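Okay, so chain A shows up in both of these, paired with chain B first and chain C after.
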Partner chain A sequence: MSPNSREILAVSELPPEGAKLSRIWDWCVVAAVALLFMGAIHLHVMLTVGDWDMFIDWKDRQFWVLVTPVSMLMIPAALQAVFWHYFRLPIGMTLGAVLLLIATWITRYVGWHLWGYFPFTMGVPATMIAGALACDAILLIVRSSLLTSTFGGFVFALLFYPSNWASLAPYFIPIEHQGMVASVADMIGYVFPRSGTPEYIRMIERGTLRTYEGTTVWISSFFAGVICIFMHMLWWRIGLAFSTQRFVDSSKRFKKFVGLA
Partner chain B sequence: MSTASVAIPVPRESSGADRKAGHYVRFNLFAFGVIVMVAMFGAFRMYQQVFAWEYGLDATAPEFETYWMTLVKIEIPVLFGLGFVCWGYLWLTRDRNMSALTPKVELQRYFSFTLWLVAYTFAIYFIGSFFAEGDGVWHQTVLRDTPFTPSHNVLFYACIPTYIFFSVGGFVYAITRLPAFSRGISVAHVLAVLGPVLILPNLGFNEWGHAYWLTEEIFSHPLHWGFVVLGWNALALPGVALQMIQRMVPLFHEVFGDMPAKPAD
Partner chain C sequence: MAAIVRAWKLVLSMIVLGALAAEALPVFAHGERAQEPYLRTRTAHWYDVTWSADKLSVNQEIVVTGKFRLYSDWPDAVQLPETVFVSNATPGPVFARVDSYLNGVPARQSFRDLEVGRDYEYKMVLRARIPGRYHVHPMIAIKGSGPLVGPGRWINVGGTADDFNYSLTAISGEKIDDLETWGVSAALTWHSIWLVIAAAWILWWVRRPLLIPRYLALKKEREDLLTTDTDIKLGIVVLVVAVGLAFYGYNWAQSKYPRTVPLQAGTMYTPPLPVQSPVVKIRFQEAKYDVPGRSMRMVMDVTNISDKPLRLGEFATASIRFVNHQLPAAKANVAANYPAELVARNGLGISDDSEIKPGETKQIAIDATDAAWEIERLTSFLTDVDSKVGGLLFFFDPEGRRHIAEVGGPILPVFKKS
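Up next, the complex of A and B:
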């Protein structure tokens, strides 16, 4: 037995058999957390970010950069609160980000590619792992939910665009199409028909947005950062509120049913 | 059949089989449940692959009735029927003398309850992620004509009854076999069960909206946010885990160590 294992047993005040059983329970919890939050976070992001995450030609500089980090932060912030408040583990945001990406890629392949025959290039999902790591690291350093919301929430949103840049850059290359400027992502959208999602409902950049040129995306990121600060505060508290350990007294009649009266 | 416990003094020092992990955690039934779910969900996905494009495009076609409505007519009564049988069995075989429960049996039951919850989360993954985005695949590609489509017939009418089977089953198991969850009803557990269960009636709102508004298929449309809010209730399961930990820690010491467990609050 390693010194580390001996130390763990001493802290647990359990014999090896008890510690082994307790470890089995831990693994059950790991499996449950992974499955539960792959489902819950993916459902949440799918139905709030939706097309912005599903399609390459929806990844614009105005709304994709704004909507995606705000929505992707919510449940991971609640997870971060639970893991930190009860277990002092600064892993909640990163865990949420990783589980979401795994769940998303599974359906992008099994669903979109194999069933809908969509090309991979059409459905590249966004990742928030870099921002989530930074937010967890800030929590570890500052050890305060308020400061984590203030700095971590903001950094989470700010890192969203640059951390996705490497995988998306090829699709933002400008091309000329029928005399107009478009991007490679636009072209993929033009030539791959989605009969349930007509082209005209896609958000198109317009107005003065173009005149801001390269700064547009940073303005959107900063705005997302402002919202993420408050969203992190809110969801930290939602996470703690949902994980209530309150019991409401059962009726005497029910207790009698189970021999507790 | 009753599972009434008998008050037998528990020897603190025991070197028998009751100190082995296998005495407390039994994976047989759990493994069976997971294998059934893997087989069922795998079969559904293959069925979609083979018959959706061929016979699932037009709800008025006779082939649609044969291939897709037959599926609904089988899965709803079978899955809900199994649910009622299981929940009824759990209620009828409840512990009728829980005040005499021994720590070892109680610890055993906490592990069984844990496996109910793991099975529940397994089902949640398939509805929340795997088949839910499959629904997006289908409806962003093929316009819906009724609430019965190749993706809905699996997601709504098979996946939802499956996780209701495990969520309600776990709830009935807890309140009929674990003193802490019988003396008081766990608020977190109620949220974790009720939220996802209410997704079933929320289908009415969803389909009503799709029937009357031309939303096209924008997945982030507010029409879908009922599912989002109800899905947030998943956050209550950590509360259930914390309630379990509070009771399991003293039970571990009672069963394996020298520290006597206080009675459950």
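Up next, the complex of A and C:
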């Protein structure tokens, strides 16, 4: 144990058995938090990002880049608030990002590959780990929720696209099929049919943003960054609100009703 | 203990029996039957459907072709076919799609502005991927309404799934040797790198006294102990690594794949098939569905406006074909290997099957009786908000040429045997 750890234990005034028990408690919490938030974040992202991050042929330069980081930030930001506010642990976002990526690959393998026969290429997911690490590090350095929202939230969204492009670029090389250009991602969506997901429900670069030739993705990333600043503020507060306990005195009438007065 | 074992045996045997019973049914229940009758009798009428094989092994291809008529009395509850995707209904991607066409136009993207009252012709080439026995249907999906499924045929796929291969060469020259795995190991490698860095960061913190001691120390305003100078230095390193690695990865991918294209979207257009010049005028009179008799009776006035005598050969609705057994041309129009469960055994009853002379108007009543009404769950039109029925009539001239006409109107239930 490092001198710093010893000092923390000394300051906490936990007796040796108490320190030991608290360590066991830590592991219980870790296990519970890991499973609970693995499920919660995964469900949340499935519902709010949905197809944009499920399918390779949905990852467009406009909406995917916008919707995914904004939604992925929410619950991790709340976790970050809780871990920082009560324990000064700058790990909440990273933890959320790690849990989501693990959960996503589990469902891609079990649900999609084993059960639904889809190849892995159909469902290569995005990860927010880069942005989450940066946001946690910024929190540790600036030690302020406002500044973390401002810089951390922005950087979180900004790193989303470049950090995922490394694993997604091979799906965007051009193919010729039936005399038309298609990306490999389009081909994957075409070759492995999803009978309940017709092609037209994809939302691919609609609106005027696409007219910024080639830079769509960065404009979208900046816009996502701005939204993420406010999302971070909101979800930081939601995290704190949901981890606050208040004891409210029962009314006299209630006490009387249950026979206590 | 023994009781638990017994209970388990019971549960297991029930599962096995249930599975056997389900397997033993002549046609396994399918999604296509869940669709309401007004969807299936008044939207797309599928005809001339062919499947090039009923047995193939992994990597072999099957061609599904056919036509559909978009019924004129299109139900209000269904969006007009303004955006349509031509597809196939199978249980998951057990077949890989190689090519698909609508009126000869590549159907990799959706089509816009299909016209009701008109016919379209499709073709799809599917490559067997996962061994098994599957019901393969042509299908169109309509934006705002969802899929409309055509007739299905059982196809047996043999071989092993591992043999499946779908390779491509990119325009930029890259060889994609397997579309099922292309890029996956690279993605997993990148994800692993990020996971390792993130895990190291989390471990850095959780290896130290964690929740309760830190909470207590914070209460005692000893924040200085909780995040040390070393921690902050490491935080700066992590920030630099996160930003640096993200952009390094981006540049690495850009130089490895310098030529990329965005996802391709947008719709295609094709005019419908040319209209056959009409040979009959149909005036619908009435339709009744006899619930206990599983029989639909429809009365109509048919006027022959062509210069050749005509006979009614077939009434087709919801992918069930009621064929006039007395007319050889109509029987010949049903391919020998067409799914038998979709051709009514009793055929089509016609009140007056004699030729309709040129210029003649004749009232005829047709009788379409088959258990298929029940099996295909078409009787639920009694519970529809829009109790109408529709179908196609196939007339044949003496040369055996086929002429298609639409018929349909309100339908009344009859609950007592008449």
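One rule holds in what follows: the second predicted complex is superposed on the first by the 224 of 261 C-alpha atoms of A that agree within 3 Å, B and C clash if a C-alpha of one lies under 4 Å from a C-alpha of the other, contacts with A are read in each partner's own complex, and residues count from 1 in each chain.
Here is the rule we use: a contact is a pair of C-beta atoms (placed from the backbone, for glycine too) under 8 Å apart; a residue touches a chain by one contact, two chains touch by 3 or more.
The model shown is predicted, which means the values in this text are computed figures rather than measured ones.
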Chain B or chain C, by number of chain A residues touched: C
Contacts of A:86 with chain B and chain C, given as first, second, both or neither: both
Touching partner for A:219 - first (chain B), second (chain C), both, neither: neither
Touched partner set for A:227, first chain B, second chain C, both or neither: neither
Contacts of A:48 with chain B and chain C, given as first, second, both or neither: first
First, second, both or neither for A:25, with chain B first and chain C second: both
Which of chain B and chain C A:196 touches, first, second, both or neither: both
A:250 touches, of chain B and chain C: first, second, both or neither? first
Partner chain in contact with A:138 - chain B first, chain C second, else both or neither: second
Common interface positions of chain A, toward chain B and toward chain C: 13-14, 18, 22, 25, 29, 86, 116, 118, 194-196, 198, 201
Residue ranges of chain A touching chain B (in the complex, touch as defined): 13-15, 17-18, 20-22, 24-25, 28-29, 31-33, 35-40, 42-44, 46-52, 54, 67, 75, 78-79, 82, 86, 103-104, 106-108, 110-112, 114-116, 118, 194-198, 201, 238-239, 242-250, 254-255, 257-260
Touching residues on chain B, where the partner in the complex is chain A: 4, 19-21, 24-25, 45, 48-49, 52, 94-100, 111, 114-115, 117-118, 121-122, 124-130, 132-134, 136-143, 175-176, 179-188, 191, 216-221, 224-225, 227-228, 231-239, 241-243, 246, 248, 252-253, 255-257, 259, 265
Parts of chain A lying in touch with chain C, wherever the complex brings them together: 2, 4-5, 7-9, 11-14, 18-19, 22-23, 25-26, 29-30, 57-61, 86-91, 94-95, 97-98, 101-102, 105, 116-121, 124, 127, 129-134, 136-138, 140-141, 143, 155, 159, 161-163, 165-188, 190-196, 198-202, 204-205, 216
Chain C - residues contacting chain A, complex: 83-85, 87-90, 92-99, 106, 108-110, 129-130, 139, 141, 143, 147, 166, 168, 170-172, 174, 176, 179-184, 186-187, 190-191, 194-195, 197-199, 201-202, 205-206, 208-218, 220, 222-223, 225-228, 231-232, 235-236, 238-239, 241-243, 245-247, 249-250, 252-254, 256-257, 259-265, 267
